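Reading through the C-alpha cells given below for one structure.
Chain nomenclature is as follows: A, B, C and D, assigned in order of appearance, with residue numbering initiated at 1 for each chain independently.
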Amino acid sequence: MNYQEILEDIHQEILHRLPAGKVATYIPQLASISPQKFGMAVQTVDGELFHVGDALENFSIQSISKVYTLALGFTFEGDKIWSRVGLEPSGSTFNSLVQLEYEQGIPRNPFINAGALVVSDILVSHLKEPQVSFLEYVRQRANNASIHDDPQVARSERQAGFRNAAMANFLKSFSNLTNEVEEVLEFYCFHCSLSMSCVDLAKGFLFFANKGHCPWTNQKVLTPSQTKRVNALMLTCGTYDAAGDFAFNVGLPGKSGVGGGIVGVIPNRLTVAVWSPGLNEKGNSAAGQYALELFTTKTGVSIF
Amino acid sequence: MNYQEILEDIHQEILHRLPAGKVATYIPQLASISPQKFGMAVQTVDGELFHVGDALENFSIQSISKVYTLALGFTFEGDKIWSRVGLEPSGSTFNSLVQLEYEQGIPRNPFINAGALVVSDILVSHLKEPQVSFLEYVRQRANNASIHDDPQVARSERQAGFRNAAMANFLKSFSNLTNEVEEVLEFYCFHCSLSMSCVDLAKGFLFFANKGHCPWTNQKVLTPSQTKRVNALMLTCGTYDAAGDFAFNVGLPGKSGVGGGIVGVIPNRLTVAVWSPGLNEKGNSAAGQYALELFTTKTGVSIF
Amino acid sequence: MNYQEILEDIHQEILHRLPAGKVATYIPQLASISPQKFGMAVQTVDGELFHVGDALENFSIQSISKVYTLALGFTFEGDKIWSRVGLEPSGSTFNSLVQLEYEQGIPRNPFINAGALVVSDILVSHLKEPQVSFLEYVRQRANNASIHDDPQVARSERQAGFRNAAMANFLKSFSNLTNEVEEVLEFYCFHCSLSMSCVDLAKGFLFFANKGHCPWTNQKVLTPSQTKRVNALMLTCGTYDAAGDFAFNVGLPGKSGVGGGIVGVIPNRLTVAVWSPGLNEKGNSAAGQYALELFTTKTGVSIF
Amino acid sequence: MNYQEILEDIHQEILHRLPAGKVATYIPQLASISPQKFGMAVQTVDGELFHVGDALENFSIQSISKVYTLALGFTFEGDKIWSRVGLEPSGSTFNSLVQLEYEQGIPRNPFINAGALVVSDILVSHLKEPQVSFLEYVRQRANNASIHDDPQVARSERQAGFRNAAMANFLKSFSNLTNEVEEVLEFYCFHCSLSMSCVDLAKGFLFFANKGHCPWTNQKVLTPSQTKRVNALMLTCGTYDAAGDFAFNVGLPGKSGVGGGIVGVIPNRLTVAVWSPGLNEKGNSAAGQYALELFTTKTGVSIF
C-alpha cells in the first residue's frame, strides 16, 4: 500500500477544512497554538516511516502520555494494578468525580484523570527519580533522546488544575494514593507536559503494534498478552466518553490528548499519529479524528 | 488451523470446571436449565463448521437477539437511528434508569435494555407483521427455517418484566417511543425468546465476519461500513458493564445473553458461539467467557 | 388579629401582580384555567373562617391530596408505613427515578410521586372501595359532602402519565407495590383529581392544626404525636425540591399542588389555603407562595 | 414548667442506656472521649439556666460552629450569600461531591461541608484576622471569654481531611472559592475545633430563640427575619441527611456535630443543648437525639 500517497491525499482534504474545532484555552501554552497546524505520520512494523505536514513539529502530548504510564505501571505491578484501577469504560466525562464516589475511590480505567493519577502514584512509588526515569523510558520507545518535558506547561497545568487536585485528594481520602498528593500531582503534570512530534509518537507507539517488542532498543517492553490488553483498553477507554464514537467511526485502538494529538494502533501492521490543535466537542482533535477516519477508509484497515 | 482439535481441548478443560456461575432464575424456563450444559461452535468465512458438546441444543438467545434487531433497524433507518439511541458504552448496569433520566430519554447504546426497546419500537414501526418478519430474518441469517420463538419464555418475561415496563414508559415520557408501550414490550419479549443453538448462532452471525454478506442467501445484508460499525458496537457495548473486561480478556467483538450464550466475531475469519447457562457476577456465561478466552489464546486470534 | 383585613390587604397586593408564573399545560383541564384566579382562606382552631377572592371556587387539588392519603395510610399502618417509604427530603425533582434506583425502590418520602404511589398501594390494600372510602374521608375532614373527583382530569392524568407508570412499574420491580400497577395508578389519578376550594382546604386541613382532632365530626383522626409528625413532613418535604426555600421564605408546614393550590398549617392556631394557577419554576403557585409570605410577615406568625 | 426536674428525669433515663452509638474515630482527639459522657442544658429567653450531668464539660463542637459562621456571613453579605450557596436539603451525605458536580459548584446548603467551606471563604474575605474575630464573636454570643479553639483538633482534622481538601479544590475549580484553598481549609478546621460546653451552647444559641437579640451583649446580632430564616435552615438542613428524621422525631430546628453535641432552638422560648459522644448511624449523637425526643415529649414543646 502506498501510505505516502494516502497521507498526502488526506493532507489535501484536511487543509481546506482548517481551522476545525476549538483550541484548548485553559492554559496559555495551549491557547496560543495555531489551529491551522496539521501533521500526520505512519510507522509500519516493517520499519517504514511516512509523514506529511507538521509531522516533525513538537506539541504537548498531554493525555497520550497516560498510555506510557500505564505500560510502565503494568510492567511493575502486573495484574495487581487492576485492584487499584478498573478496566471498564466510564460513560462519563474524563474528570468526573461522581463515579469515583459511587465506586469508592477505584477509578473506572487508567485513562480517565482519576485513573491516571493512581497510575502516577504507582510510578512515584516504584521509581527513584520518577521524572528522569519516565522521560528516559519515553525517549527509548520513540528512539529520540531529545524528547523533553515543558516545565511551563506543567506549571500552568498545576496552577489551573483544581479539579485534578480535588480528584487526587478524593483518591487519598479513599486510601487509593500512597504518596503525598502534591508529589503525585507534580509527576502527573510532568508526564502530561511532554513535547513530541507525530513522528515521535508513531515511532514511540510502535511496540504496541509489535506484540510489545521495541525495535529501537530491541527490548521486550511488554509481553504479547499485556500488549493486547493495553490495545483493548485504548479501544474501549482511550478517547474518554467518545470511545464508542471513535470505535464506530475510526475502528482502531487509539489515545487522544487535549493538545490535539491522537495515536492509533493497527496490531501487527502499523501505528498512525496525527496532530491538529482544534478540538471537537468531546475534546478530541477535530481534524485529527477526521483524518483517521479517512485513513481507515482509504487503506481499508480497521480491526473490525 | 485445526479448529476441531482446539474446540475439543477447550471442551475437556471446561468439563471439569462445570457447573460454573449461577443460572438465571427470574423466569422458570431459564431456572430449570442444567448448569452442566456446554456447547461451542465455530463457523469460518471459508465455509467450514466445527462444534463440540451441546452445540446443537437450542437455548434462549435473549439479548443476543439485540444484534439482529439493531442490524435490521440500521438497514431501515441508516444513520438516522443514532438520533434516537447513542453509541457509547453505558458504564452502568444493563437495566439502569439513572442514565436515561440524566440523558433525557436517549439510551446510551442499542444493547442496553432501554436502547433495545427503542430499536424494537423502530422495527414495530417499519414491519407490518413484526414477529413474522423478524423471525424470517433470523432464519435466513442462520440458514435454518426451523428456528422459532418460545411463547412461554416471552410470557414469563413479560410478566416478570416490571423494570422493562418501567423503562418503556419512561422512554415514552421522553417521546422516544412512537408505538404503544404494550406493543413494544410484546415485540421485545418476543425477540428475546428466540430459541437457537450454538451452530445456529455461529452460522447466523457469519455475515458480521463477512463484510455484511450472508452466504446462505447470497444477500448483502449490511454494507461493509455498517458491518464494521456493528462489530465496533459489539466490542464497546456488547457485554454491558463488562465490555472492558471482555475486550481485555477475550479481545473480540461479542454479544452475550442471560440464557448463557455468547457469540464472538473475528472479522474476515470466523464466528464463534458458546453456550453454558451458569452466569458470572456480570451476567455473562462464566464457562462461556472462559472458553472464549481459551479460544483466543490457543488460536492466537484476537483483534488486538 | 384581624385576619379578614389582612387577607384583603394581601388580595390587593396580589391583584396587580397577576398573572404570575405559568399554568400547568400537561393536561387540557389544567391548561384552560385562567391565570388571573386568586383565592385565599383562613380557618382558625377557634372556629373562625375568613376568605377573599376566588376562595369558594373549586380547583384540582392534585398533590395536596397526598397529605390525606398519608394521614389515612398512617392511621392504618402506624409506624410500619416507614418501612416502605422514607421521611427524608429528596433533594431531587418530584418525579425523579434516579434516587429510587440508588435506594432500591424505597421512595424518599410520601410526598414525591413515587412515595405517594406506595401510599396509594397501601390504601388500595386496606380499603374495600378505595375511591368511595377516600372521598368520604376527605368530605368529612372538610365538612362538605359535595366534594367530588373530576373523572376527566383523572383520565387525562392517566393518559399523559407515562412517568408515573414508569415509576409504578419500577416500584413493582423492587416489590414495593403489592397490588396491580394499573389499579394503583388508577387510584393515584383519582385522588389527585379531587376538586376543592380554598375554603374546603382550610377547613379540611384544620385537624392538622388541632392535634389531630377534626371538629366537624368530633373525631380524633390522628394522635397528637402523629399530627406533629405529618406537619414535620409537610415542612421538610411538602414542596418537593423547594422545601428549603418554602421553609426559609414562608416558614410553615405546607403542601402544594400543580393545580396552583397551597395549604399551610400553623399548629394550634390556624390553617391557610391559597390558590392561583400560575406556577413558579419549582412548580409551586407563584402568587400563592408570595401571598403566604405576605401572610406570615403581616401576621408575624411563623413556626420559627 | 419545671425544666430542672425534666432534665433530671431525662438524665436518669439516659444513664442506663449509655454507652449508645459509636464515638467518631477519624481523629485521635475525638476517639479518646468516653462514650459514657452525657450533659444537657436549657437556657430560656426569660434568663433561666438549667443543666444536668456533664453540661459544664467542654467538647469539640465541630459542625455546630457552622451555624455561627452562617450567621456571621449572613450579616456581612445579606441575601447575596444565596448566590453562592443554596438553601435546600441535600438528600445526600454531608461530604458528597456528587451533587456539587451536577449543580456546578453551588453547594446545596450552608451546613453540608461544601457549603460551610464557601461560608468560610466569605468570612476569610471579610475578616482581617478571621480566627481572632470569629472566636470573639462566639465568646460574645455565649458570654464566656474563656472559650477557645483546640489547635491539635484543627491539625488532626486538616491532616485527615482529604475529602474536605477535595471539596475545596472542587469548589475552586468552579470559581466558588475566592481565597487560597489552604487558607480556607485552615479557617474551616479552626472553627470546627472550638471547645465549648452544653451551657456555653445553650447560652450561645439564645439569640436564635430571641429574634436575633443577644442578651449578654445587648446587641441585635441578626434581624428577626434573618433569625427565622437561620432557624428554618437548621430545621431543613441541620442534621444532614437525617433532617427529616430529626424533624419527625424531635420537631425542633437543631444543629449537630460529630463531637456528639446537638443544639435545639424553640423560637421565643428556649434553647436546649445536649452532649454525648456516641453517634448513631447518621452521625448524630445517639443518646443526645433520644434526650431531645424525651425533652419535647415531656415538655410538650415542639414547633409542630
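Operating definition for what follows: contacts are C-beta pairs under 8 Å (C-beta built on N, C-alpha and C of every residue); 3 or more make two chains touch, one makes a residue touch a chain.
In this text the structure is predicted, and so the values were computed from the model without any measurement.
Relative to subunit D, the chain whose mean Cα position lies farthest away is B.
Subunit B and subunit C have CA centres that are 47 Å apart. Annotation: 32 Å between the Cα-based centres of subunit A and subunit B.
Taking each chain's centre as the average of its CA atoms, subunit B and subunit D sit 56 Å apart. Residue numbers of subunit A whose C-beta contacts span two or more other chains: none are found. If each chain is drawn as a node and touching chains are joined, the picture is one closed loop, every chain linked to exactly two others. In this structure, the chains touch in the following pairs: A-B, A-D, B-C, C-D. Interface of subunit D with subunit C (complex): residues 86-92, 99, 108-109, 227-229, 231-233, 235-237, 241-245, 247-248, 251, 253, 267, 302-304. Subunit D contributes residues 96-98, 101-102, 162-163, 165-170, 172-173, 181 to its touches with subunit A in the complex.
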